[in-house]
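Read the structure below first, then the notes.
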Amino acid sequence: MNPSPSSEALKDFPAVATIPVQWGDQDLFKHVNNAVYFRWFESSRVEYWHKSGLYEALKGPGYGPILASVTCNYKKQIKFPDTVLIGTKVEKLGISSVTLSHDVFSTTNNAVSATGKSVIVMFDYQSQHPVPITEDLRDIFETFEC
Amino acid sequence: MNPSPSSEALKDFPAVATIPVQWGDQDLFKHVNNAVYFRWFESSRVEYWHKSGLYEALKGPGYGPILASVTCNYKKQIKFPDTVLIGTKVEKLGISSVTLSHDVFSTTNNAVSATGKSVIVMFDYQSQHPVPITEDLRDIFETFEC
Amino acid sequence: MNPSPSSEALKDFPAVATIPVQWGDQDLFKHVNNAVYFRWFESSRVEYWHKSGLYEALKGPGYGPILASVTCNYKKQIKFPDTVLIGTKVEKLGISSVTLSHDVFSTTNNAVSATGKSVIVMFDYQSQHPVPITEDLRDIFETFEC
Amino acid sequence: MNPSPSSEALKDFPAVATIPVQWGDQDLFKHVNNAVYFRWFESSRVEYWHKSGLYEALKGPGYGPILASVTCNYKKQIKFPDTVLIGTKVEKLGISSVTLSHDVFSTTNNAVSATGKSVIVMFDYQSQHPVPITEDLRDIFETFEC
């Protein structure tokens, strides 16, 4: 069986969330409202967290990931009805932060129709400061990305 | 193949929308927020409209359906992750209004976890008054419900 | 100073939330989407809870209020820009449930443009059953409603 | 009367939207969810558009502004209850695009708690291509920013 266009387009993304566009995601311009893409990015990050094992690994300690910034680049309108696939992969693993990149594949457009970036910082809730990403966590990221 | 629990539970509903719960649908009580169910009902009504042919039939004339009221009864919490199926069927076809009933089946709960009702009024946008549901539209409803 | 139309219209409501309509609250019919009203009802219930003292009174014990059902009746379209005032008052104080009624006053329409009802049940999270509303809580409701 | 901290913090922003945080804007981390900030940016852009006269000026022709990208930088958590003020100003007026910058001032934090950037492209809907920003529009931007 040939791979689907979506699986081809998102083949470098270890985590992919699949979400139907809802009628109410549209704004009065009759396309998906710009804020909805950030709900999708969040869903895809959560997919990454759960599927990679990071969610479990981060359950214990008093620190965790916080979102420092997020960007969306809108390439092509997404309309109802459609089903979108949102991929998440690591772009850069820093000392205490990780930059994730996202592609939004529209089934109807048959094309990546938006891209994005999220910067996540590992944060100690008690000291209220960033903390270095441990070797254990790095291993999880690296294993999952392969 | 045996029918799935969801198809059994929603077998009386001619239109069913299938939607994954997103992480961001949760509120701070760690279950899906009450307002999200109304987005789901809307998606299921739209599914009904499109699948039945009502959407096409209502494209021409200067009148259309407006939502007069909607209710949700919460039976059981719905949590992330989950996939919900929302069924819509006609409960009562009146002179100028139609009462739709909705069931929300949670895959994780393996049970109908909320029910709802929407009252739709056929409305003339020019005169700003309700209008009787035509025989043509009644036929579409009745054919689709069988 | 004469009372404003809104304060007159909502004078029976001990708790009123004031919220500007946001552009993104509109759907493609160019009016506020039906699901947004439930966010407003929620904000008004929270206003009631905080202002009455119920929020403080319910902090300790292992039980709390859960939403059993909610209804919205749409009377008149609400459009952007506008500011809405959403009132909440007790309609009926039952054994273990309280029925709240809501009015949504639109400043632009200069009229109550939607009404609603929420049924809240006092719930014991451990036994997973409804519990009677205590005399202390009844006093808070009754004092606040006067 | 001394200027308020918010009017001081946002004094360089010709358009400011003022929005109360709603209870339902919180996610399960008990702070405002990351996607909500993009609804706020949108409200502030719309405020800019209406107040500056751009909205009126763009009503006629077959082209208009589209959002090409948007970013949010989260500086400090915003919690319920709070009222936020979201400022919008021009950072750079290009050939066919304008970069807007946003500050989100939290009344409770008494500090700018998030910043953002939106890139808007002037777009011809018929040719589906960007078009240069006309002198008339440049004048509106420049007058409004003074």
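For the reader, a short list of remarks on this structure follows.
Think of it as A, B, C and D in the order they're written, each chain with its own count starting at 1.
Note that in this section a contact is a pair of C-beta atoms (placed from the backbone, for glycine too) under 8 Å apart; a residue touches a chain by one contact, two chains touch by 3 or more.
Just so you know, these numbers come straight off a predicted model, no measurement behind them.
Farthest chain from chain D, judged by C-alpha centroids: B.
Ranking A-D and C-D by contacting C-beta pairs places A-D first. Centre-to-centre separation of chain B and chain D, using mean CA positions: 36 Å.
Inter-chain spacing, taken between the CA centroids of chain A and chain D, is 24 Å. Separating the centre of chain C from that of chain D, both taken as means of CA atoms, is a distance of 30 Å.
Each of residues 24, 33, 35, 39, 42 in chain A touches at least two other chains. Put simply, chain A touches chain B in their complex at residues 17-20, 22-24, 39, 42-43, 46, 50, 81.
Contacts from chain C toward chain A in the complex involve residues 24, 26-30, 33, 35.
Partner chain D is touched in their complex by these residues of chain A: 33-36, 38-39, 42, 66-74.
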